[in-house]
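What follows is a single structure, and I will ask about it in a moment.
All chains are identified by letter, namely A, B and C, in their written order; residue positions are counted from 1 within each chain.
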Amino acid sequence: MTTMQRVFGKNAAYWLIGPAALWLGLFFLVPMLSLLTTSLSDPAGSPIYGYDLTWRVQNYVEALGDYWPYLVRSLIYAGIATALCLVLGYVLAYAIAFKAGRWKTVMLVLVIAPFFTSFLVRTLSWKLILADNGWVVNTLQWLHVMSPDGRLLATPFAVVAGLTYNFLPFMILPLYASLEKIEPHLIEAAQDLYASPWKGFLNVTWKLSIPGVVGGTLLTFIPASGDYINAAFLGNPNTQMVGNKIQALFTTGGDYPHAAALSVILMVLIVAMVMVYVRRAGTEELL
Amino acid sequence: MPQASEPRRDLRLKGLHKRYPNGYTAVKSLDLEIPQGSFFALLGPSGCGKTTTLRMVAGLEDVTSGTIHIGDQDITREKPYRRPVNTVFQNYALFPHLTIAENVEFGPKRRGVKDSAARVKAILELTELTEQAGKRPAQLSGGQQQRVALARALINRPEVLLLDEPLGALDLKLRRAMQLELKHIQEEVGLTFVHVTHDQEEAMTMADTVAVMNQGVIEQMGSPYELYTNPRTTFVANFLGRSNLIKGTVVGREGSGADAAVKVDMFGTLVSIQADRVHTDSKEGWIGIRPEKLLIQPAGSQSDDPGNHFSDAVVISSSYIGVSTEYVLKMPWGQELICFEQNRGVRGGLVQVGAHVDVSWRQEYVYLLDSSQDAEAGLEGA
Amino acid sequence: MITRVGNWIGRHLMITMGILVLIYMYIPNFVVALMSFNDASESRNLYQFQSFTWNNWLNPCEPNGMCESLRVSVSVALVATIVATILGTLASFALVRHRFEGRSTMNLFIFLPMATPEIVMGSSLLALFVAGGLGGKLGFWTILVAHILFCLSFVVVTVRSRLAGLDSNLEKAAMDLYANEWQAFWRVTFPLVFPGVLAAALLAFSLSFDDFIITNLNSGQTVTFPMFVWGAAQRGVPMQVNVVGTAMFLISLAVVVGGEMSSRRRAKMLAAR
C-alpha cells in the first residue's frame, strides 16, 4: 500500500491518472476523430462556419491524386535523413558510451544543449552556412568539387541536410541509452571469440543495440516526415514536403477536408511503415 | 510458557492468512508465538511466505485474516508507524539523499524524541559508525550499510526488530562476522529479533528458535538442535542439513513410555526407532539418517559399534574437504547414500573409490518420516 | 606492429569522429552567436556577416513585435509547463506505483502523441476546434491546450523513468520509522523524485517555447516567438532574433548545469525541513 492509496483511497490510481488521461482523450483522441470526420466532409464549407459531414471519400482520392509527389518526397527525404542520422548518431553515441570516460555526462549535456536555441533560428542559420557565396560553397568550388555556378541552398541536398541536423539528437539519445547498458566485458568477450573486431561488433554490440536503433530511427523518421520548416527555409518549390502542403491547405488554402485527408493518409502510411519495420526488426533480433 | 508475575510482551500470530488479489496464497493460517527477548528465525526457500509474514508484522502488507498481537495489544490493523516494531530491510532501504546520521535520526525525529542527538551518538558508537556519520549511504561498503540499517532500526528501541535477509547482500566472510555481531547486539539490547533467511546455517548459528517454513505453512519449529537431530518432515530433513532417506516397512512396536520404539524392516534389516522420533502413522515410511551419523569400516573388519550393520557397500565417489571427507556409497539394495567422515586420522588414511566397506549406525539417531512425502522435498533450496 | 597501430586508431578513431559529429551539431549555434553581433543596418544581405556591433544586444526589442511574441511564448510555456508537469507527475505515480485495470493501455496511450507527426497532431486539433465552433476564436487558449498536450507525454516519460528507478521500499522504510503518509512522501519520495520532475519541467518549457508546427495551425492571430521568426523569414530576419537564440541557449545551459550541481543539495534541504 502506498502513500497515495492511503490518501486517495482504493481508487488512488484512477484519481492520479484521471486528469492526464482526460486531457489526452479530449485533445488527442477526440481530435483524431475530428480530423477523420473533417476529411470526409464536403469541401464546400468554411473554417469559420464548419463543414458538413457527407462521407465524401472522394477527398482521399483527390488528395492522393494531387499531392502524391509530396508524400513520396517526404518519405524519401525523411528516410535518407534517418539513415544519415543513424550513421552519425551511432558514432557519437558509441563514443560517449564507451570512449568518453569521465566526460560522459558533459558530452551528453552537449548533445542536448543545441536544442535550447530555437529550432527555427538554428534552421535559418543553415541558410547562411549553405549560401551561394558562403564559405562552404566557396571552398567546394575552389576545390573543384562543385561547378562555379553550382549551389547548395534551395536544393534537395540542403533540405535533407537540414532534416539530418535537426533530428540528430532524437537518434543519439535512444542509441546511447541502449549502448550504455551493454557490459564492456561482453565486447571484450566478442573480441576474444570472433576473428575480426568488425565481426565482433556486428554480432554483439550492434545486435544488443537494436532496441536503441529501432527507437532512434522511429523518433527521427516520424517527425522528419511531417516536418516542413526545413523544406520551407532551405528548399525550393520543387522540394516541398507533405507538411508544407498540409499547412498551406489549412492556413492560406482554407481547404480543410483535403488537408485533413492528406493528414490521415500521412498518419496511416507512417503507422503502417512503423508496424512493418518493428516486426522486421523484431525478427532480425531473433536471428 | 506464560509467567504469572508480569505481563509478557510476546509476539503472537493467530490464524494469520495472506491471499493476494491475483489469488495466490502466500501464508496459510499461520500460528506462531515468539517469546519476548528471543532470537527467532523464520527459515525457508524463496517464495515460502516468510518475507510476507514479516511484512505483515511490520504493517507493510495487509492481513487477509487472522490477528497479530504484541502482549495484549492487537496491532493487526495498526499503521506501520504506530507499531512498536522496526525493520531492517533486505537491501537496507537507506535513504540515499540523507547522511548516515540523518538516516539514523529519522525515526527519533518523527517521534519527537528530545535527546535524539545523544541517542544517535550512542547508537553510532555501538555499531562502530561514528566516523561515517557525515557520509551518504552510497559512499559506504556493504557491511557498513548493513550496520546503518541496523542502527536506524535499533535507535527506536522497538519491542520487536524484524530482519529481512539482512545479510543476504554480503560476501561469505563478512556474513559470518556479521552473524556473530548481530547475535552479540541482540544479547546486549535484549530485544525480540525476528530474522527471515533462506540460509540454514545462518538461522542455526544465530537463533534460539527456528521455524522452517514451506509453501505458506510452518513445517516444524524448535531449537536448532531439535530441528537437526529430529526432523519431522522430508522437507525439514533435506532443507536443514542433508539426509539419507531409505524406504522401510513398519512391522511392530515394543516397549512403553520413554522406552517405546517402533520396529521397521529395511531391506531385511530390523531398525528400532524411538517412538518420539517416529513421525508417521502409516505402514510405510522413510527411514532418515544424517550423513555424518553413518560410520564406515573396511569390509570384514570386526566392528564394536552398536546399532545396525550393513556389509557389501561400495564407495563410488569421494571428495576430500579438509576437515572431513564426503563419500557416496552404493548400498546392497542399490541405493546411493551420502556419508561424511571426520578426518581424525585414527583409521589411517582415506577410503579409496571402489573399496568395499561395512556401514553402521546407532539406532538412536534414526528418524522415521511419512512415506507420502516427497523424498526430494527441500533439496533444491538447500 | 601493424595490429598495434590498428589498435591505436581503433581506440582514438571513435572518440575523434564522435567529437567531429558534436562539432557539426554546434555549427548553427556558433553561427547564431556570431550573427547576434552582426551590424545589418547598412546591408540588404541579411545572410552574411558585415561588421561587429553591440547594438543588437543593447536594443533587443527594436524589431517590431518581437518582444511581444517573446512575452506570449514565455507565458504559454510557463502555464503549459506547470499544468503538464503536475498532471504528468501524478500520472507517473499511478503508472509506476499502482497496479490497476488498463495500466498497460495507459502506458501505450501516453506514448502515442510522441509518435505522431506534429503536423497531424496540429491539424487534428485544428479540426476539433473548428468543428467545436472555435474557428474564429483561435489564440492563447487553443495554443495552451495544444502545448499541454504534447508536453504531457514527455513529462510522463521523464518522471516515470526516475520513479521506476526508485526503491519502493524506501517509502515503506520511512513509515516503518514512524513517518506518516505525508511525511514519508515529502521527506523521502518527493526529494528523490524531484530532480526528475525538474528535468521534466525544463524539457516541457523548452518544447513549448520552441514549438512551431502545432502552434502555427492553432494560433489564430496570436504570434509566438517561433511564429515571429517564421513570419520574419519571408521578409528578412532581424539580427535580434539571433540575440534571443543565443541568450536562450546560455540561460538554459546555466539552468541545466546549475540544476545538476545543486539538485542533491536541494533534495537534502527538502528532506531536512
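The rule we apply is simple: a contact is a pair of C-beta atoms (placed from the backbone, for glycine too) under 8 Å apart; a residue touches a chain by one contact, two chains touch by 3 or more.
Since this is a predicted model, take the numbers as computed values, not measurements.
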item	value
Longest centre-to-centre distance from chain B, chain (CA-based)	A
Pair joined by more contacting C-beta pairs (A-C or B-C)	A-C
Euclidean distance of C-alpha centroids - chain A vs chain B, Å	59
Approximate Å spacing (C-alpha centroids) for the pair chain A, chain C	17
Interchain centroid distance [CA atoms averaged], chain B/chain C, Å	56
Two or more partner chains touched - positions in chain B	60
Of all residues in chain C, those that touch chain B in their complex	167, 169-170, 172-180, 183, 187-188, 191-192, 264, 267-268, 271-272
Partner chain C, residues of chain B touching it in the complex	58-60, 79-81, 85-87, 89-91, 93-98, 102, 106-107, 110-111, 152-153, 156
Residue ranges of chain C in contact with chain A within the complex	10-11, 14-15, 17-19, 21-22, 24-29, 31-32, 35, 47-48, 87-88, 90-91, 93-95, 97-100, 103, 106, 109-110, 112-121, 123-128, 130-131, 133, 135-136, 145-146, 148-149, 152, 156, 168, 171, 181-182, 184-185, 189, 206, 209-210, 212-213, 216-217, 225-226, 229-230, 233, 237, 241-242, 244-246, 248-249, 251-253, 256-257, 260
Chain A - residues contacting chain C, complex	2-7, 12-14, 16-17, 19-21, 23-24, 27-28, 30-32, 34-35, 37-38, 47-51, 88-89, 91-92, 94-96, 98-100, 105, 107, 109-129, 131, 133-134, 165, 168-169, 197, 218-219, 222-223, 225-229, 232-233, 242-243, 246-247, 250-251, 256, 259-260, 263-264, 266-267, 270, 274
